[in-house]
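Before anything else, here is the set of structures, which you'll find just below.
In the two complexes below, chain A is the common chain; its partner is chain B in one and chain C in the other.
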Partner chain A sequence: MTLLQVEDLSVTYRPRDSAAVRAVNKVSFTVGHGEFVGLLGESGCGKSTLGHAVLRLLEKPASITGGTITFDGRDVTRLGEDELRPMRWTNLSTVFQSSMNSLNPVITVREQFADTLAAHPDIAGERVDVDERAGELLELVSLDRGVLRRYPHELSGGMKQRVALALALVLRPRFVLLDEPTTGLDVVVQRDILDRLRELQRSLGFAVLFISHDLGTVMEMADRVMVMYAGEIVEDQPAADMVAGQLHPYSVGLLGSYADPRDAVVDVAFTPGRPPDLSREHPGCLFEPRCPVSVDACRTKHPELLPARRGRARCLLVEVAPDGSARTPNASPRDRSGTVFSADAAARNRGPADGEPILVVEGVTKTYRTQRALGSTTTTAVDDVSFALRPGRVSALVGESGSGKSTLARLVTGVEKPGRGSIRFKDTRVDRLRRRALRGYRRHAQLVFQDPFSALNPTRTVAYALSRPLRNHLGMDGAQARRRAAELLEVVGLSPAAQFLDKLPGQLSGGQRQRVVIARALAPEPEVLVADEPISMLDVSIRAEILELLDQLVRDRGIAMLYITHDLLSARLLADEVMVLNKGVIVERGPTLKVIGEAQDPYTRRLLAAIPRPGQERAPAMAGRSDGAGQTQSLGRPPHGD
Partner chain B sequence: MKFFVRRTGFFLATLWAAVTLNFLIPRLEPGDPAEALLSRLTSRTEAVDPAQLAAVRKLLGAPDGNLLQQYWEYLAALANGHFGVSYTYYPYSVTDVISEAMPWTLVLVGVTQIFSFVVGTALGAWAAYRRNTRTDSLITLGSTFLGTLPFFWIGLLLIFVFAITLNWFPEGGGYGGGSQPGWTWLFFSDAFQHSVLPALSLLITGPIGWILGMRNNMVQTLGEDYARLARAKGLPRRRIALTYGARIAILPNVTGFAIALGSILGGTVLVESIFNYPGMGRLLLEAVSNKDFPLMQTLFLFTTIGVLIANFLADMAYGLLDPRVRRKDAT
Partner chain C sequence: MTTPGGTPVAAPAAAGDTEGVGIAALDAGRTHRMPGWFVILWRNGKCRLGLLLLAAFVLVAVLAPYIAPFGPRVDAFATSQGPTGAHWLGTTAQGEDVYSQIVYGARTSLLVGVVAGTLSTLIAMAVGLTAGYLQGFVDEVLSFFVNLGLVVPVLPLMITLAAYAPVKGLGLIIVVITVTGWAHGARIKRAQIITLRTRDYVTAAKFAGDSTARIITHEIAPNMMSLIVVGFMSSALGAIGAEAGLAFLGLGDPQTTSWGTMLNQASLGGAMTTGQWAWVVAPGLILALLVTSFTLINFGVDALSNPHLRED
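Then we have the complex of A and B:
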């Protein structure tokens, strides 16, 4: 039974001052009653636009330019706002991406339930008991009824998202669109909410379109998964089938970026390049420029979304046998060297584990004082933490938000001073440095920020961003700095540098920006690099690429790196040593594989358990994916448990 | 509750500081007001007679004793509402002079300010609600255009058209010949006639800031996820526009409005002098040009207190309107 049927749907953005962009292009799919469908894609692929189109929430300059949306047999594509209103929330409800901002900040949670119920008296009943109804739903999502009296800012991110979920279910809708419902939340909280969601979906029987860039989550949650690329659906298969064998080369790349960090050898793929400019016409396959297995025909012929196996795929190379079975393309990859890095497991020579430490943190404690109504309370952000960084080696600091890991980054870079304990860089006590001396120290210890979108001044060129540290710390003049900036860009793989020097951050992709941020951190030739969640804001298909770059820098330049993350997989790929931080205390530490493979502390285990596992166990498709070597950059290495 | 107590304490502390500064600053200024008065009274440039000077001092009630003593006397005088004698309007006391000018300004500027805010906010909200339509363009472009016109020029233009050419309204003053201030119908209609043009000039430019501020804030709030979610929830358009748009967008404007209200006490110097209106603004101008220290000082004090009280009220209102502020302050 079909509940939602989307046919040939196109959405075009027509901004006033630039070319029209076709964000969604002739997309067709169905969602059955009670079905859980995943929509997977990277930022900018059009998945959220598609979601908003289905909900008929598009706003100018975006509009539906073709196709139909049929909900429960009724064409809703061109219904006016007044006709849509009674359908909204009673039939189609939604949970938005940013839990931070989807609740009205100036009214209580109760009021946001109340206005929803009041807007639909025919479904909710004229005299509905708001407290009873809303309280019941809050309990469903494991929240206390007292939350009703709260304002959104009094709730944590996880609580807000639970409220949003409860709100979405208050009228018992038949279809719920979840747009990245847990992105930005801590892994453990994320896990909790998703489990709850799946349970509710089963018991209440609503259909779900689950939009996410988080592959592991989608694979695990959904019955069927659609993969979107550049405004088109490129693959659509039952989740289990897709885990077992992807049809489209893009899906192969996406799934390749996930692996179990506990394995002895971890392979992670990445797909170099970026999506095409959708304001122009492309005659061939949209993925062709990034595709490792493309053939000449791909450049001229735009593939159709054709049935394959138990689903559909949009690739010229998918060969469908008469019996319906299909084969993943396996053409010989074109030579792509020069656009990718090759990290050879054998050639990885990191610094010795027992080398002379360059930075030693000893017994460091940092407390913050918060003003309260009466007196003040103190929070211990970091409690008696000790570790050492060695040249050419990476130490990972793993923990959730609020675990104190960013405080440690600030302490190590001298931005803040510890309450107790010492931080030594070679023979210098970092915690005692003042003004000029501190500036001198910063030359040696640089920071790579989490968000490449806000770490660069949007009004200054790349050359300017890179020249500041060169002039400040190394005293270079304008021409020298520009030459050096160009060299740095080459080092971080932005080549040819001349193309990037005069660009503004807005003209670069996320991955390119993060490379610029890394180049800027490298500019004063630091000996210690603190990378605070450097890949968490990036698309999955390019995360490995940045890890690769960091790995190479550590090897080539003998930099000592403190890698801060909440993600055990990336820690496993990059770090020699792992420290797990919980509430300011290091609860577990040791060589990477040992900590991750034989986690002892319950907290570490919880972090591990929170990592989604599509298909319950490691997919055979990924283990045996040694073909297409061009797209699979093996970052894996034998356990080097020093 | 904590929030309100803290705000009150803060208000009292600022008030004290303002009052004290008002006491100190004139005493740090060079020049002797008694001498200035004397030279004006005698309109002679020759050296003043010390006896005369002493007499004038006595007359003005010039302070003696040390600074602390003076300060206490000053505070006591303030508490009793004694602000001294105006030099310009001698022998009237400052209190008399001000209480005569105050109602004119309060009514003219007060009414137009409140009206400007209400109209401006409403128009801004409407423009935001209908953003990117013709209504929006008309409101936004229209107010931007009016905003570029010099204020005094609008005033003069009004006088030229409506007072001189059409002769509909008097060209200046608070009330005209024939009527005397009092609770009579004649006086009120006369005063109203006189206030039309100055009020009009204030109303043309007054709402512009509120319109643009409100529109921009509200366009932003309506673009937020909560507003989009409100649409997805199927809420009526009115509810979305008011509770999910205007209700949040108005917050920054509230502070601005409070400051604007506070400055009412100071009057609007420009309007009042163009229209020769007998309000606080003109009084201030006279006080400054005549070195009328007691009057000046009192006017400044009134303006300061006005702004402070208005700010205090705005803080209170903000606390009621925005739960986030309450919380931030309480923890």
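Then we have the complex of A and C:
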């Protein structure tokens, strides 16, 4: 019962300016009717390229350079656009990460449904009741029928993504490609959409190819999981089997980055390094340079994708012991992965908990006023918040988007002024600083940005970015600043520094860029560091590396850190103290293990329930859902609110 | 403008999924001896044609005394002649060589284009960047002037200014064109900087202690290089056309030879009635050719700012 069959598919990028890159290399797989298949891998492994190829959406300079794609018995590899058009959306539909932005801003949601139905009268029927059909679908994705009358800008990101999902299902397709459909959305919203999606898929019976770098989610959702590395499928197993024991060392590394933050000891393993450059030929196994268990033969012999257990794997070691029993079971990540970052229950060897606070926030409130057609609305972003930061300690501020955590970061660093309350740094009132004095304050308080891709100017070299704070805040001259910049790069683990000084951000990987961003924040030797979701945009495999670096800096330099995140696992790994922020109010606070282990507030519990736990029944999560009975209510923005 | 090496061009296309590709692109870029931006312009067929045309015009303007057989004001020949072996495009009603005037006219047009284009680009940048970056009251005031510049009917204003100015000369023409031509560019640059000023790297520069002026010139301006270049090209284009137009209306500088004054002379000298088609067609055609070369180059400039266009 195969619906989609892909055989020996290769996709090559041939940009004019550089060598051709084989992004997808002889990939073969099938998707059965109604099957939910996950496709995993870190960014740059070719998963999205593969997805686009299957839908025949590749654009120059990428093209299919070999193999076939058969959909429902029909070879679609070389079909022309005219032949593809009637198939699209009726047979194959898709939701991308950016689908929420694909809604037409000038027409209502109802009209978008009407357009789609009208474009395929043969499937939808000539006289279809748009309101009935679309309303039904919106209810399926837990949206109110009233959304039909709204324009896209009146909906939140999560609601728009749900509309996009409903729109993808309107013609009852038999195959849906989901390419990171919830990445970038809020954790709780993400959880909700995925739960709905799984139910829908079971009841409507369409097949899904689900692309994600978020292994926890994929493992939990899919029937079968394929792992992709460097353009090849390296492992393909039923999800349950993969959770029980991964065959390929790469999958072991990926799974190592998950842990339950409530455990007494949390170990997070990561696989250092980056995927290989695919424009060159590699004789051996592509994963060999990063593999913790490689043997000599791996360097010279390229492994084939061979049957192993109930799936397939591409690894010489698995070939030796095809049942995988020789290596995978009972091996903790500590044994096989290069590096482990761990946090146990004991107090950390850091600054004293009752030390003299360096930064004190007292009763801070911030309201925003938005102009509306008639009058204005006020939104309270932060409501009567107080906390203190102490040298050598990390305080985590946890909350979903819109909870006011970024506003607090802006207040603490002096970017905005609070409406009420005070922020004191030593003896300075930060909330009263103006221009020049504010510049002086920033010598002591620096910010690490969320998105390393926008935090560095694409036209400026690393050396320039690092030299600015050195010259402005520390009064160094050009040569001194360059020497110091090199030292900073070494501190954040970019060595040899000389290799990186004259690079442009475009030449660095995401993890390397975030290290440069951290180095820049460290340049003026600040005493307070605000890290605003520093790892959320990074690949799972490099998150632990950055956390370890931040931990090291706090220990070595006695920096007081405010760590802002929506991710309780990273808070557990890094922070001494956790504050949970909900709608601008701190609802729970205390030592990390206490807050996470014995969460009291329903909101904190819901955040905990949203963390994927591959291989475990999500009983607590379901409980979390029923606790927040008004959940969908609270997620969807009121139509005229904000 | 401040960073020849650091234009957006040098940064490879951030092709989302393919990290290695970007680095490979830079490696390949190194095999060319030319700077990156030139390679990209040159690759585009239309742009290459435009560059060649413009280069030819510049060459003609620079080497005018060697190319033209006579001076532009030498009126020692028989009047109102058609094209002959001695005078390829005939002579004017005053007995000047039309071909020589065409050659010398390139100087005027290019000079006006470059100078007026540069001046209005500078004004547009100063006004647009300041208004967009600072916002608030300053923006309100500056935007008022921009809007004023946009709604004022340009041609009548130009004619009035040129006709009633106490001094005549090419300088006046350049000033008039600049004053009437900067507003559009300012509006576009203001819009662009509003999207750029909220980027994280701008906030980062503030945290690094950089001054506002430095942030605008060193962080933001390099990221809108292609927009600035396109702005300059269209200002220059407008300036060349405006000069020709004013000159044709008889408001130009009578001392300089330009294609516009030639058209004006041709019209006054009754070129159409005497059947001297070359006297009329040549300056018009050559003007159209120069304008075309600028337009063609702009096709390539698009590819500078949008890496996706480079693949075609």
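Everything that follows uses one rule, which is that the second predicted complex is superposed on the first by the 584 of 642 C-alpha atoms of A that agree within 3 Å, B and C clash if a C-alpha of one lies under 4 Å from a C-alpha of the other, contacts with A are read in each partner's own complex, and residues count from 1 in each chain.
Note that a contact is a pair of C-beta atoms (placed from the backbone, for glycine too) under 8 Å apart; a residue touches a chain by one contact, two chains touch by 3 or more.
No experiment lies behind these values; they were computed from the predicted model shown.
Asker: With chain A superposed, do chain B and chain C clash or fit?
Answerer: clash
Asker: Under the stated touch criterion, which partner chain does A:Leu84 make contact with: chain B (first), chain C (second), both, or neither?
Answerer: It touches chain B, and chain C stays clear.
Asker: For A:Pro105, decide between first (touching chain B), second (touching chain C), both and neither.
Answerer: After superposing on A, A:Pro105 lies in contact with chain B but is clear of chain C.
Asker: Let me test your reading of the model: by the given contact rule, A:His120 touches which partner, first (chain B), second (chain C), both or neither?
Answerer: first
Asker: Now for A:Pro15: first (chain B), second (chain C), both, or neither, which partner does it touch?
Answerer: After superposition on chain A, A:Pro15 lies in contact with chain C alone.
Asker: Check the residue A:Gly44 against both partner chains and state whether it touches chain B (first), chain C (second), both, or neither.
Answerer: Only chain C; A:Gly44 stays clear of chain B.
Asker: Which partner chains sit in contact with A:Thr459 here, chain B, chain C, both or neither? Use first/second/both/neither.
Answerer: A:Thr459: touches chain C, not chain B.
Asker: Which one hits more chain A residues, chain B or chain C?
Answerer: C
Asker: Contact-wise, after the overlay, does A:Lys60 reach chain B, chain C, both or neither (first, second, both, neither)?
Answerer: Both: A:Lys60 reaches chain B and chain C.
Asker: Is A:Gln246 contacted by the first partner chain B, the second partner chain C, both or neither?
Answerer: After superposition on chain A, A:Gln246 lies in contact with neither partner.
Asker: Which of these chain B stretches, 2-10, 92-100, 110-118 or 146-154, gets into chain C when the structures are overlaid?
Answerer: That would be 146-154, the only stretch with clashing C-alpha atoms.
Asker: Which residues of chain A are in contact with chain B in one complex and with chain C in the other?
Answerer: Touching chain B and chain C on chain A: residues 60.
Asker: Chain B touches which residues of chain A in the complex?
Answerer: 55, 57, 59-60, 81, 84-90, 92-94, 96-98, 101-107, 115-116, 119-120, 151, 153-154, 164, 167, 370-373
Asker: Using the touch definition up top, name the residues of chain A that touch chain C in the complex.
Answerer: 13, 15-19, 21, 23, 43-44, 46-49, 60-61, 274-279, 413, 415, 439, 442-443, 446-447, 449-451, 453-461, 465, 468-469, 472-473, 504-507, 509-510, 517, 520-521, 523-524
Asker: With touch defined as at the start, can you tell me which chain B residues reach chain A in the complex?
Answerer: For chain B paired with chain A, touching residues are 2, 132, 223-226, 228-237, 239, 243-244, 247-248, 251, 321-324, 327, 330-331.
Asker: In their shared complex, at which residues does chain C touch chain A?
Answerer: Of all residues in chain C, those touching chain A are 3, 6-8, 10-29, 43, 199-201, 203-210, 218-219, 222-223, 310-312.
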